[in-house]
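We call the chains A, B, C and D, going by the order they appear; numbering starts again at 1 in every chain.
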Amino acid sequence: MNKIVASSDKAIEGILDGMTIMVGGFGLCGIPENCIAALVRKGVKGLTCISNNAGVDDFGLGLLLQQKQIKKMISSYVGENEEFERQMLSGELEVDLIPQGSLAERCRAGGAGIPAFFTPAGYGTEIAEGKEVRAYNGKPHILEKALTADFALVKAWKGDPYGNLVFKGTARNFNPVMAMAGKITVAEVEELVEPGELDPNFIHLPGVFVQRIYQGSHYEKRIEQRTVRSKN
Amino acid sequence: MNKIVASSDKAIEGILDGMTIMVGGFGLCGIPENCIAALVRKGVKGLTCISNNAGVDDFGLGLLLQQKQIKKMISSYVGENEEFERQMLSGELEVDLIPQGSLAERCRAGGAGIPAFFTPAGYGTEIAEGKEVRAYNGKPHILEKALTADFALVKAWKGDPYGNLVFKGTARNFNPVMAMAGKITVAEVEELVEPGELDPNFIHLPGVFVQRIYQGSHYEKRIEQRTVRSKN
Amino acid sequence: MLKREEIAQRIAQELRDGWYVNLGIGIPTLVANYIPEGISVEFQSENGILGMGPFPYEGTEDADLINAGKQTVTIRDGGSIFDSSLSFAMIRGQHVQLTVLGAMEVSEKGDIANWKIPGRMVKGMGGAMDLVASADNIIVAMSHTNKRGESKLLKECTLPLTGVACVKKIVTNLAVLDVTDEGFKLLERAPGVSVETIIQSTEGKLIVDGEIPEMQI
Amino acid sequence: MLKREEIAQRIAQELRDGWYVNLGIGIPTLVANYIPEGISVEFQSENGILGMGPFPYEGTEDADLINAGKQTVTIRDGGSIFDSSLSFAMIRGQHVQLTVLGAMEVSEKGDIANWKIPGRMVKGMGGAMDLVASADNIIVAMSHTNKRGESKLLKECTLPLTGVACVKKIVTNLAVLDVTDEGFKLLERAPGVSVETIIQSTEGKLIVDGEIPEMQI
């Protein structure tokens, strides 16, 4: 089994105008930098993007926003991005805000064949409008539906030709659940290793969820909030 | 943070007659052998046991069945156990059979604060009787409820004082999801290591789900179906 | 009439390169021995393993590495281990392309019964209900008739169901059949078995359309 | 009147040994600096980390190790990393004992509004709705009044809600209050702040029962 594709451009082949894509990452941490660059090159438009955040003006999904390639964002938090704000206020960009835990669980559910589930998150808020409410253990819950996508673009630390993935630190975040929920899942990795190099007991995401894999390059890994203490 | 308890007897303190316990393992693989032995010593009765299987006559949960400590089994498969069969046919033992995937997902849901979810498994069968049916994507699904337990007893390969767990091979199985679903979760491990010895990036179950941990001993790890090929 | 191994061999011809496959206990397990040349498939076992390899060499068996039949197994390069909830996430989420399992009865609508016989000790459905309710592609491997010579391909199942309208293909000791909207469609007959024999052994609606070729094994 | 650091210091007194704690952005983050002697707590950040440590030393920061505020952090011995769905499984499943977060408004019934101001750019609720809907123990850290001097402890929230009937305790620059079935119950006043000032600064129902002690910080 060999899921390796030659380049980021090959990896995103088949993403068409108007499709729904999931993009892994939290803030700028663990985002598929090479896939995003390939999408900019491809110029595909009218995308619905499911991603926890929307990048910053000149990095991450912000690069797609600059080129007006995104029609709709489905996210939990979209601050720190002026172009996003401009497009949203002007009505060019549709935005669907979802509680972060519901977003994660809805992606997992989409990948796991669970079409809907009850969660307490958002009950009594505008998020619950139009949604079924049911009490369990004396506490009201709302019914949330699974999310899936035509393509999921994720970033891992290491991967093998079988599509098995290992993530590093908090760059894991939404990547595994989105990989589960993509009809076609593309994984870019910092290091592509030989079959057998990854310990089967310590694989974060089994390759069964990944259809295409390639080694990315030139990772910038920009830090949004560099916070440090001095050694004194 | 130190969740270490001195012995298996201390670990199961508080398990009372009539309580519901989850017991990890698949067949005899990855079962909490020391906890089960302690339950036999304690002689606690009228237990409802949620476990994928019921052990064999003289090992695993079979040891509790011999002592008639179990009132009800909630499992997906209960073959290979004559005493079980005798008690079930005589009506001494209640048995609730659940599709294996629904059992796993119901435990995870119990631990994850998801009170109910839709699954296609069991639609159109006696499992669906009395359950709500709803079509998603043109396919009927049934509503299944979360499972929780007063205690969850799980077995891991390595663990640390924080309760972080690492499993070995297919001995992982139901252990992580049951650990999530226990009000009090007891983990027995083959090797208790110092804090920091387990790589935070490769922990299978974060310690937040574990309340008590101890190093077990005398693991028998019986094999149910020894299948081998000869070297020729 | 096909032997068990030959049923497995015929089913193996249905495998496609790159598929993930879940094999049930019994005849289905044997399918792994007949993977066609030049294709690569991965076996999933619902207790939490992908990339299952052959049985271990004597003396190397590991109690912590078993399949869903509780047999000691090995794991191949590129395999992975996971918990039960992720295992069924794969199955329910249709990431496993083919499920092969045995059956006691299959109806002409594709209903399957394979877990319970009223009056007998019930051992449980294990993962079968999740598998049949989820997989897009389910092949049943079984004998065409039971020990009393009665057809197992029925108009309606008489035993408690495992799943409804889910079986896509059946390979028996007598024939290969598709389950269609109109009933069982006969595709191939076992070497030396006449269409007449298959008709007599099939209680459910059987569609025989033109010349029926012999299986190539 | 308490400074931001003092509000955090007062909240830190609520920590108990062995708790897992999720701290929101702003004042709540400062709570980590005032853990009482002799107790051990673990900090969870909803982007997928348990056992969060202090900020890294200059030059050792790692882009792949951040908190939910997107700040570079460290991880302590005994910590762990996990994906977003498991992170919220912990939160929703009530395995995290305490959530501390900021608010724009809290009602006397414990409703909280902290994510949206109509007419202004909406950045999103992030994990706040999951946290407030799930946690059994929610402490709000905020100033008692807004920039225009209006009370943030209201009869009813005027802003879109983040969660209903969920806040258990509030620590402001003026007071410590419990949210009870009867309304805000004044427990402590900030050093030098009179009960009268607190009454004037609280729009929602305020219960003042007996002598109100000064906070000990």
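By definition in this document, contacts are C-beta pairs under 8 Å (C-beta built on N, C-alpha and C of every residue); 3 or more make two chains touch, one makes a residue touch a chain.
These figures come from a predicted structure and were not determined experimentally.
Q: Quickly list, by label, the chains bordering both subunit A and subunit C.
A: The shared contacts of subunit A and subunit C, listed by label, come to B.
Q: Return the chains shared as contacts by subunit B and subunit C, ordered by label.
A: A
Q: So which one's got more C-beta contacts, A-D or B-D?
A: Contact tally favours A-D.
Q: Between subunit A and subunit B, tell me the centre distance in angstrom, where each centre is the average of that chain's C-alpha atoms.
A: The mean C-alpha positions of subunit A and subunit B differ by 33 Å.
Q: Rounded to a whole Å, what is the gap between the Cα centroids of subunit A and subunit D?
A: 28
Q: What's the distance between the Cα centroids of subunit B and subunit D, rounded to whole Å?
A: Here subunit B and subunit D have centroids separated by 36 Å.
Q: Quick one: report the Å distance separating subunit C from subunit D, using the average Cα coordinate of each chain.
A: Once rounded, the distance between the two centres reads 55 Å.
Q: Return the residues of subunit B touching two or more other chains; collapse runs of consecutive numbers into ranges.
A: 105, 108, 112-114, 119-120, 167-169, 201
Q: Two or more other chains touching the same residue: where does that happen in subunit C?
A: Residues 75, 81-82, 88-89, 91-92, 134.
Q: Counting only chain pairs that touch, give me the topology of the graph as line, ring, star, complete or other.
A: other
Q: Check the chains against each other and report every pair that touches.
A: Those chain pairs satisfying the definition are A-B, A-C, A-D, B-C, B-D.
Q: Which bits of subunit D are touching subunit A when the two form their complex?
A: 45-49, 54-73, 75, 81-85, 87-89, 91-92, 111, 121-130, 133-134, 160-165
Q: Can you check the complex and tell me which residues of subunit A touch subunit B?
A: Its residues touching subunit B are 105, 109, 112-120, 134, 136-137, 141, 145, 167-169, 201-202.
Q: Using the touch definition up top, name the residues of subunit C that touch subunit A in the complex.
A: 18, 20, 40, 42, 44, 50-51, 75, 77-82, 86, 88-96, 134
Q: Under the stated contact criterion, what part of subunit A meets subunit C in this complex?
A: By the definition above, subunit A touches subunit C via 1, 108, 110-114, 160-162, 164, 180, 195-196, 200-201, 203, 206-209.
Q: Flag every residue of subunit A that touches subunit D in the complex, lowest number first.
A: 26-30, 52, 75-79, 85, 88-89, 95, 97, 99-105, 107-108, 119-127, 157, 167-177, 204, 221-231
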